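Heads up, the next two complexes both have chain A, just with different partners, chain B and then chain C.
Showing the complex of A and B:
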């Protein structure tokens, strides 16, 4: 079984901490992760708003490259990339004519043989079964697992977890000693791409999530999406200004939380890169 | 020499839009023994039938193939037409060009080719058809009504009033169904129990009705006019003849903490209980699952206090065998409960309740004696939100259909709330207001205009608790999808109406079809809404789909007329398409070797033993014999028979073989 990784733009930029923690975990558990060579943009929010062919061709090229690289599956840590890639795979799987058309555009044969998994599936598959005896510092804190929109929706396409009340991250976190709280904002919008154009809306929406998690006693928000992370963490100053409050709750990638629990250094898992200070006791 | 006529129907455009009917007619016309092959726009219409009748006489036809829709639809029509022209009706076959061809394929040459193939098989088959005579069977003039809700009650009373006997079976301890739980009814706001309970009493006292409560249908065999039904009377653990219904036992029972089903879990009941004060029959039963005596082996307080010594702890279940002529299914529906909705807290929040629970809250006989108090702390809710279409019309929830009753009862709920809490604020979030019914729209207008219920068009995305309030988040789609947030004290979900528990199991016992939502299926959505596909079994009420009271009552009366019509005949005519074990002259008698392997495989217990004896009474041979009354013509015995001694009229081995060969051979 050869597992590849498609990082997408975020993991090389604003979410380098995510990238570092994924690779740190892979190293710690002896997992091979080969990057899809010559990868390109997944199309993000822009492509499918402009041109359907483009929105399918970009992810299709990535998937075709993964096939060419002989990868049986690729892990896609960014929830948006995961969403775009899975959507493309589904569309092309059910419509052979469209698949031929897209294959023509990318000038590559696309068969659809590489599986796509998100970071939690990867953890469930390769890390949690081998956690026994590895936990050095149990993550003994109340946490609010925040899934956002793209990890679990649309359910018809992703067919992953429960769209209204997802549990997969909660389960992983409880395995490393955390106490996930029940809170109603698990899949509420963080403001997403408005991060750049309408920071005020992000401040309002992300602020609601933070406020609720904090008021219910959570000590950290756990995420698996670079966009969620940047809105909740990088925009914290704007959020605090908008709400007139001093929210201090840190926002941690699930891979960082596991990395910390198995005793990896803060530097190794990128904990120093956050805007909101992370101090895990 | 066979002389076959083939009649190809266009079915308006249903067939002709996809299949080249002229080409089919032309090709078939060239087949051997086909003396006439013609087409017509509507073969089932009067001119179409006349066409067939005239052709039978003119061409002296010995067999007819009507190439049209499914035989389920019009086989009886065309067989009748043939009979009227003097041809034995079983010399008519149907080739299904609609459901099997035009509806499922695109228009092209291959589709027409397939149509030709379908017709060819029937032409080959009909050449081997032979005249059959209908079977006459007697009718048992006693009806079984399953379910004692308003639909069952109406059907039972209507049948009983025509002078026929009725057996009503209800699985709970009392009849009355959901209607007995309702507070007031739309669109008149008359009290539900006040109009229902007299009818319940009428059922109990009617000389033609035998009522079995706390009983279930165990098995059903037989066929129209001649069903053999087994009913399990669950042990009530008391002697009903001695019990006076004084209720002393129910007040003394030490086990008092069982969630009360009648109150939708909003109150408790003891282990020996009468479901509600107006119950019929008004005598208690012991719930053995929760009774201390059955759990721990001691208690017997009820036995000690009973003034008439009516308690019978060792009473067994009783099985009754009944001969029944017709069955009315009136098993009703259920609603989804709040725990079905993750986005609304999975039933975690005590003050998020379903519509049936609100009915109990608003009912004068309910847990709060009719005061609208929220379950968590007994306070009067100042802001109340009603959510219509909770689950209904939502493919993501697996319930695509409209539950039909919710728009109306939600308007009623909001009204009842406003009538009791004048200063309170009531919101209704809805998708569309479906108020099609006599005085229904006016009723909704009253809720809006006179009672100032705030209707917001939009769906609720989530409900959560914060600082003791329920935050209800949704959108107002009339204001361009603006987000709306209401801080509510209580939320009522108009949850989807779904098939009752056990519906699927019952349908399988009765051999009637049901849909993907486990609602019982009618024989035809428009023209046979009361019948099922099994002759002699009819539907009434919400077991077919969610229905309000007027609709349930109308359908129940419809079902009753069907039953009365059936019972007005001296004997019934059955299709002769049954199996037959061959017979021949002695000393062989039959090729059947008497292995009787066919007996255990027959799903209808239709295979009997026939013995041939010498004059001295010595057994010469025992062979299988089919009971024509019971046989349903499924053909299982034919397939199993090792000596090929059984054949099925209308679907003989020869006929099926001819059909297969027609497909394999070029023409």
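Showing the complex of A and C:
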């Protein structure tokens, strides 16, 4: 079984803390993660808002490269990329005509043989079974696991967890000693792609999530998506200004939380790169 | 698309939706669950269920209103509406379709200019290098949208945390990516 990784543009740039923690975990558990060679951007929201063919062709090139690399599966830690890649794979699998059309655009063969998994599936498959005896600092805190939209919806296509009140991250967190709280904002949208063009909407929507999590006593928000992270963490000043409050709750990638629990240094898992200070005791 | 044969050609949005993406606007019974769960319904000129209702009327005036609406550009594709719709109406795909048609027919709502400027800057950035160059994206967006001062506060903090690259990464397959853009660019301009 060869597992590859498609990091995507965010992990390569503003979410390098996430990237560092994914690779730190892979190293700590002796897992191979080869990058899809010469990968390109998946096109994200922009492509499917403006141009359908482009929104299929860009992910198709990535998937075709993964196939060429002989990867049986690829882990896609960015929830947005995971969503676009899985949607493309599903559409091309069910419509051979469309597949030929897109193959023609990218001028590469595409068979659809490489599987796609998100970061939690990767953790469930390769890390949780080997956690025993590895935890040196149990993550003994109340946490709000925030899934956002793209990890669980559209459910019929992704077929992952449940679209309302999902549990997979909560389960992982409880395995490392945390106490996940119940709250109603697990899959509410943070404002996603409007971050730059309508910052006010992001401040409002992200603020609602933060406010609720904090008011229920959560000490951290746990995420698995670089877009959610940048809206909840990097945009914190805008959010605080919009709400007239001083929200202090840190936003931590699930891979960072596990890394911390198994004793990796803050630097190694990118905790020092956050905008909102993280102090885990 | 199974219904195509029995469809009578009409130049209405509802017809095009049925023919192109297999969504039947008439199936919506206006329960309003989509609008209740939509995170941006409050900012929209027509909430998602109202968009569905406009489509159902199949009048030229309402089709025009839909294509010129701000709603279609505010939609975040969060997929909450589809998730909760008892008739499983794929509103996010409807929004995608409407956006592309609105753009093609040059009917974009003036309030949506900044949102589209952002999408275009994003695509431009990857067109030439293959990967997104975040600094380039921000600068190009500011040029297009004339919002020069917004977000400058973020840059120094991103730099000190090593979160902003100054040089774009260029992939080997850049010509291939450029070709993909060329081949698919008929619809977008």
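General observations
Going forward, the second predicted complex is superposed on the first by the 281 of 281 C-alpha atoms of A that agree within 3 Å, B and C clash if a C-alpha of one lies under 4 Å from a C-alpha of the other, contacts with A are read in each partner's own complex, and residues count from 1 in each chain.
Here, contacts are C-beta pairs under 8 Å (C-beta built on N, C-alpha and C of every residue); 3 or more make two chains touch, one makes a residue touch a chain.
Quick caveat, the model's predicted, so the values are computed rather than measured.
Aligning the shared chain A places chain B and chain C in steric conflict.
Contacts of A:217 after superposition: neither chain B nor chain C is touched. Contact with chain C, but none with chain B, is seen for A:193 once the two complexes are overlaid on the shared chain. Contacts of A:70 after superposition: neither chain B nor chain C is touched. When both complexes are overlaid on chain A, the residue A:165 reaches chain B alone and has no touch with chain C. Of the two partner chains placed around the shared chain by superposition, chain C is the only one that A:61 touches, whereas chain B remains out of contact.
In the superposed model, A:184 makes contact with chain B only, not with chain C. Once the two complexes are overlaid on the shared chain, A:129 sits clear of chain B and of chain C alike. When chain A is checked against chain B and against chain C, the one touching more of its residues turns out to be C.
Residue contacts after overlaying the shared chain place A:155 against chain B and chain C alike. Stretch 474-482 is the one among 114-122, 240-248 or 474-482 where chain B clashes with chain C after the superposition on chain A.
Judged by the document's definition of touching, chain A residues 155, 163-164, 188 lie at the interface with chain B and also at the interface with chain C.
Only residues 155, 162-165, 182-184, 188, 212, 215 of chain A touch chain B when the two sit together in their complex.
Of all the residues in chain B, the ones that touch chain A in their complex are 341-343, 345-346, 348, 396, 462-464, 466, 471. If you check the complex, the residues on chain A that touch chain C are 9-10, 12-17, 38-41, 43-54, 57-58, 61, 105-107, 149, 153-155, 163-164, 187-189, 191-194, 196-199, 201, 205, 234, 237, 272-275.
Residues of chain C touching chain A in their complex: 39-40, 43, 74, 76-80, 82-83, 90, 92, 96, 99-100, 103, 114-120, 122-123, 126, 130-132, 134, 138, 141, 145, 150-151, 153-154, 157-158, 161-165, 169, 171-173, 176-177, 179-181, 183-185, 187-188.
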